[in-house]
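Okay, got some structures for you below.
Next come two complexes, and both contain chain A; in the first it sits with chain B, in the second with chain C.
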Partner chain A sequence: MTHLLRRAAWRLLGGILVLLAAASLTFAALHLTPGDPVTAILGGASANPTPEAIAAARHEYGLDRPIAVQYALYIARIARGDLGQSFSQHMPVIAVLRAQAPPTLALMASSLAVAWLLALLSVVPTARRGAAGAIASTLETVGAGLPQFWLGILLLWGLAFEWRLLPPAGNHGLPALVLPTLSLAIPLAGFIAQVMRESFDLALDQPFILTARARGLGDGTVRLRHALRHALLPCVSLSTWAVGALVGNAVAIEIIFSRQGLGRELFLSVATHDMPLVSGIVLFIALTYILAGLAADTLYVLIDPRLKGTRP
Partner chain B sequence: MTLEVENLSVSFPTPTGEHVAVHDLSFTLRPGRVVALVGESGSGKSVTARSLIGLAGPTARVSAQRLSLGGQDLRRLPPRDWRALRGRDIGMVLQDALVALDPLRPVGREIAESLSAHKWGTRAGRNQRVQELLEQVGIPEPALRARQRPDELSGGLRQRALIASAIALTPPLLIADEPTTALDPSVQAQILRLLGRLRDGGTGLLLISHDLGFVSRLADHVIVLHHGMVVEQGETARVLGRPVHAYTRTLLDADPVRHPPRIATPQGTDTPPLLTAHDLSLSRRGPDGVARRILSDVGFSLHPGRTLGLIGESGSGKTTTARIVMGLTQPDTGEVAFMGERWVQSGRHGVPEGARRPRRRAMAMIYQDPLGSFDPRWTVREILADALSAGGDPSGDRDHAIATLLDRVRLPPAIAARRPAGLSGGQRQRVAIARAVAVRPALIVCDEPVSALDVSVQAQVLDLLEELQRELGMAYLFISHDLGVIRRMCDDVLVMQDGRIVEAGPAAQILTAPRHAFTRTLLDAAQDLSAA
Partner chain C sequence: MELTILRGAQALGSLSMRPLHSPALPRRALWLAAAALLLATTGCRRHQSRTTAHEPVQGGTLIYATDREPICLDPHVQGDMPQVFLAEQYLDSLVAMDRSGHILPWLATDWAVSDDGRTYTFHLRHDVTFTDGTPLTAEAVRANLDHMVDPHTQSSTAGGYIKQYAGTDIIDTYTAAVHLKTPYAAFLEVLAQGFLGIESPRALARPRDENCQNPVGSGPFRIVRWDHQSQIVLARNPAYHWGPPTALHTGPARLDGIEWRIIPEASVRFAALQAGEVDVIDSLPPEAETPAQRNPDLWLLMADRPGNPTNGTLNIKRAPFDDIRVREAFIRSADIDGALASVFFHHYRRAGSPLSPTTPFYSPAFEHHADYDPDRARALLDQAGWTGRTEEGIRTRDGRPLVVHIPLKASLSAAERTLWEQVQATARATGFDVRLENGDDTTILEREGQWDYDVRIGYWNTSTADVLRIVFSSAFLGAAGVGGHHQNEAGFSDPAFDRVVNDALLTTDPDKRRALYLQAQTIAAQNFLQITTYPQSTRLALSRAVHDVRLEPSLNVTSLYDSWVTR
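Showing the complex of A and B:
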């Protein structure tokens, strides 16, 4: 039990360090970007703030103090959960996150789920089955190579404008989620399927598969009940990476499909030098990534109980 | 239910033409009888076993004049009927339950699957049956064991669990493909008794093995296979007692037990020992965080030109001892001296690797499977050239030195251009030996050097090690679980149990008149398995 507690403590510490690193990087970015941070805070050079406003902001953010003190104040504020005020939106960063995160999280979850579904459908019935396997494997490689923004534009043109099957833009309901999800999920499915196929093929060569067949088990059962589980671990690792990558790719996809969401918000806040919002979104993404890592660690042990106790 | 096989042939298409794996094999297997297929790797034993349950693979071409089970013709059986037959009429046991059972699932689930695959009983009924089966194969605490995975069970328990999953539906016939290979002798003896009980209960057994001792204890009828051809078959006592074919005789003669024991090398009274170890101990923390003693107070000495054997079951500390001697693992207590100087020292004043380096080339190592110790991209020439330069070979003529080395280990010079992956197991082990002797060592640590080899290849490699010792005068620290091998190779023996040396002395005395109870258990197990 103490062992488990110690592991949990290490995990927590690691998560805090990652958040600290993300906060420090955004702080550095804020101070390293050319121009006066105050101008950036007040909405960029085009905002033409009054000298009084500049002085007030300078004092409010402690920018007249030494940089080490500024850093400490910044970290202390974040530690209190105060992410500050978004200047472009004229509302607290927390409120922006609360409004913008759900659509992006929904898009990420649906993309990951669809990618897994496509990968399973492509690999499980075709692995080690001659021509079918070769064709599916080729499709996976092609899928993995498709740029997501290009796929998004193609789907938008074909399914939304030409055939008018699905809405081209917006956030309303499931139909609006379909095209953005496919744009993100198809290339990701290619990646997951390639990794899954390799370990699935290896698993099918193992002696316990022969034992299972010698028991009178059908081929489908052997694949689903025995081989698949051995092929899941590397796919789970890949999915952790994908959670991070999906946020980045969501930037282009949310803009193409005019969706609300963190990706688009991140793009807009960078464009308007809205640094409090940028750092708020970056911290949120870091937190998502940490949680994804925790979830993956739990899944590892569920899939392969032998890993229990071997991971620090 | 009788299995009748007449002129069974199995072939596989290859880019260079049809490869015939089994050619015209015929036998009959009746309930309560044991037929053994004997031969070396690649002789077609396993392919035969798989063909009998329709699992030779999608590319295999299986043909037979007769292939029937209880009157049912198996030759053009549709897949559905094959599935119904597997597990119910014919069970199958493979070698090494660690990988022959799904390593991610509890063994109870695996056994229950043999039942559910044939829609046997209810869930509760199946769980009940699993407990009965585990008891039947002699596993204590069946309720607990059923919930454990193969890696949580000892080698003997998991092999029994594998057998339990094969006999779940009490199939009248059981195929056992190398059921005891890679197991400790005492575990082998237990499995032997279990299979004997099944036979006495009326199960017909097809036993596949390269171990003639094991076969002779169980089989009624022996078939000797060589490159897919039957070279000899008949009643066990006749085939093994009065073999007709030269290949059968080769196999029999290769059994180390048939080789005369080693005549102990005289030990010069005034020569100082080459290697001494004192008071070696080591603890390691397990996955649960609890420290375990894996080595306690191990000490011995080895004189130049002599061979010291290290025997004991897996996990008894043999390999750990070898690693400490090699200077690869630092002990908690104790020290090792090599060539009269400090070599390993526990504690903070350990011997730095720099101090060992001048003597490193005097100590070489041979592993069980050398493949992992070769760089796969290197040719044999590069492997040996590397070893020669590490040994400070002064001669300018590298090619000549390599040719001499290959000749020394009885390999043709053409081998130099090949890569290890393309060599046979025996050739690979010879290259490993050539690499070891290239540095002109005073000591070679041999960790199970022949355990992965076929019995006839084994005999050749042991011959080679003996000859090299006579020619070059090296000492061997020789680890093996095979007492027959120890008997023919070693002057002195250390018997290890749970990290301690329980008995030490001259091989002739320990292997004939052991004093410690554990040594006697080891010898009895080996006795049970030998061809007698």
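Showing the complex of A and C:
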């Protein structure tokens, strides 16, 4: 029990350090790039801000203080769990996250699920099956090589503009989720399938497969019940990486499909140097990443009971 | 759901010219066909306006798609174009402006200007209430004007336009005397803009960021909900009977409500209109204009906006544009007409004057004062001493090449960017080395604050010729200590010009103002301070199911007050 507690404590400490590093790097990055949020907010194309308005805004956001003080206040604020007020959205950062996270999380979840489904369909029936395997393997390589934004534009042009099968934009209903999901899922499916195919092949060579076949099990059962379980582990670790990558790629996809979401919000907030909002989104992404790691650890144990207690 | 399927079936009927509702057709087949159609052509459901309706129809929701989301729904705060488009739907103004620039009564039934031009006494309508139940009173006028100039409001537009505001005295419940520090003849013109719309004083008393989310007006619609990055939902104000004099009808709006969607990608926005996902789009991209004209299901509504047209302002505070000959040479070396034709597919006209043609007191005399003339440009460069040549054909003087730095913001539209690439190409033929320097918006704004540019790309939409004072008079060269932010991007400082534009504020006599603004336009044009390219414009593409969309004259922004839909 103490062993488990110590492991949990280390995990927690690691997670806090990751969040602190993410917050500090965001602060540094936004202060090292030239530009001033106040002129970004008040100095739009048809703007005529008075010097008094500029000075008042600078004071309101604490931007007239020394940078070290700004940093200390920023970290202290985050430590209290207060993400602050977004300059550019005129809203508390937490309210922006509450509004924008669900569509992005829905897109991530559906992309990950579809990617897994495509990978399973591509690998399980075709592995070690001559021409079918070769064709599926080639498709997986091509899929993994497709850039998401390019695929997104292609799907948009073909299925939404030309054939008008699906809505080109927005968040209204499930049909609007299809194209963005496919744009993210197809390349990811390629990656997952490549890893899955390799370990599936390895598993099929193992003595226990021979044993299972000797017990008279059919090929389908062997594949699904025995080989697949072994092939899943590396795919689960790949999926934790994918969760992080999906958020990054969501920026382009949300912009292309004019979807509501954190990716587009991140893009807009970086453009206006909206420090509280950028750091809020970055921290949220870091937290998602940490939680995905924890979920993967749990999944390992479920898939492979031998790991219970032995994993560091 | 059932309604949608029915529309799908009607669509099939109109496509195949065969009545579908024949009793012979099995019921299940009809449902299947309808379902298949629903999947295949969600689009066809909205453009069913062939039913020729001439009488306005009550009810229905209109879906409007725009490119940019307002950062705050209260147009007093900051004050960018997306805010005024929305303000037009839920706010009223003290006065209105018609197509010829005349000021008409609206919330104020009449007004008197004191002899010294510094006090405007407004008499208000007695029957106006904001949608939160607060009545319109002189107190509300004071609260609004005070709010616009309060530095804490962070107003870049409304507050800047009434810098002269000193305070408001309440004469009685419905009479307000507004005092100005200096005479300001453009006051009524700017008051007509939605940027200076009148909000409920009770709502304004809330914290700024709270009021940003759901401001309250007295307009034909009220804001119901804002799903950030997705849509703003508005509903009809049933009590409305104080519409502007420029409207086509009186009484409440005809629509039940509006869904104001945010679709930033231009091609996606147009595709959404073609597919019938939305009823109206603004900022129609130039490449879609011809397809939209040819589409029998769509119609277009366009108008130029008043103000200083889209332009590149030349920084005359440093070489090479400190020399007027080099400025004229640069402007004449840029083939704007050719560039507009290729970039905007012949849909945009050149704006040659410092004022856009829809601005009050605009003079057409300067439309061709600096047309493309590469021979004259070369002669001017010779005169200015830029006689040498590098191996690449760039002009030099004392061994230094003739370089022009143009910072381009990341937010600049693709079309605008291409336009400047064309300017780069034609100016190069005359011997200018034009460098287009990309950067994110904040970086470029910082450079602009430090006068680190030769050409600054911008525009200024406003309903008054007083814009000339903002963009060219020495009062707007910027104050020290605020990041160098300035509106006079040219760095032009001319006492004669300052006198003319300031004198124009002292008189409300239209003939005197016209004469003074003619002088101001002459001085601005003669000094070659800007390459003006095209007027800013409102460009809507609309479904044939949508009728009576109007452009509000002071800024030519969309008004959906009169609109109705046939489905």
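Simple rule for what comes next: the second predicted complex is superposed on the first by the 276 of 312 C-alpha atoms of A that agree within 3 Å, B and C clash if a C-alpha of one lies under 4 Å from a C-alpha of the other, contacts with A are read in each partner's own complex, and residues count from 1 in each chain.
Criterion: contacts are C-beta pairs under 8 Å (C-beta built on N, C-alpha and C of every residue); 3 or more make two chains touch, one makes a residue touch a chain.
Every value quoted in this text rests on a predicted model; they were computed, and no experiment measured them.
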Which partner does A:V96 contact after superposing on A: first (chain B), second (chain C), both, neither?
second
With both complexes superposed on chain A, which partner does A:S88 reach: first (chain B), second (chain C), both or neither?
second
Counting only touches as set out at the top, which of chain B and chain C does A:G248 meet: first, second, both, neither?
neither
For A:L217 in the superposed arrangement: first (chain B), second (chain C), both or neither?
first
Using the touch definition from the top, say if A:G145 reaches chain B (first), chain C (second), both or neither.
neither
Comparing chain C with chain B, which touches more residues belonging to chain A?
C
Just chain B (first), just chain C (second), both, or neither: which does A:S258 touch?
second
Which partner does A:L156 contact after superposing on A: first (chain B), second (chain C), both, neither?
second
Chain A partner contacts - residues on chain B that touch it in the complex
50, 53, 55, 58, 83-88, 91-92, 94-96, 99-104, 110, 113-114, 117-118, 149, 151, 162, 165-166, 287-289
For the complex, which residues does chain A have touching chain B?
3, 130, 206-208, 210-218, 221, 225-226, 229-230, 303-306, 308-310
Contacts from chain A onto chain C in the complex sit at residues 33-57, 60, 85, 88-91, 96, 99-100, 156, 160-161, 164-165, 167-171, 175, 255-258, 260-261, 264-265, 270-273
In the complex, chain C residues that touch chain A
39-43, 71-72, 77-81, 151-157, 159-161, 163, 208-209, 212-213, 227-230, 261-265, 267-269, 271-272, 274-275, 277, 307, 410-411, 440-443, 445-446, 449, 458-462, 470, 479, 481-483, 485, 487
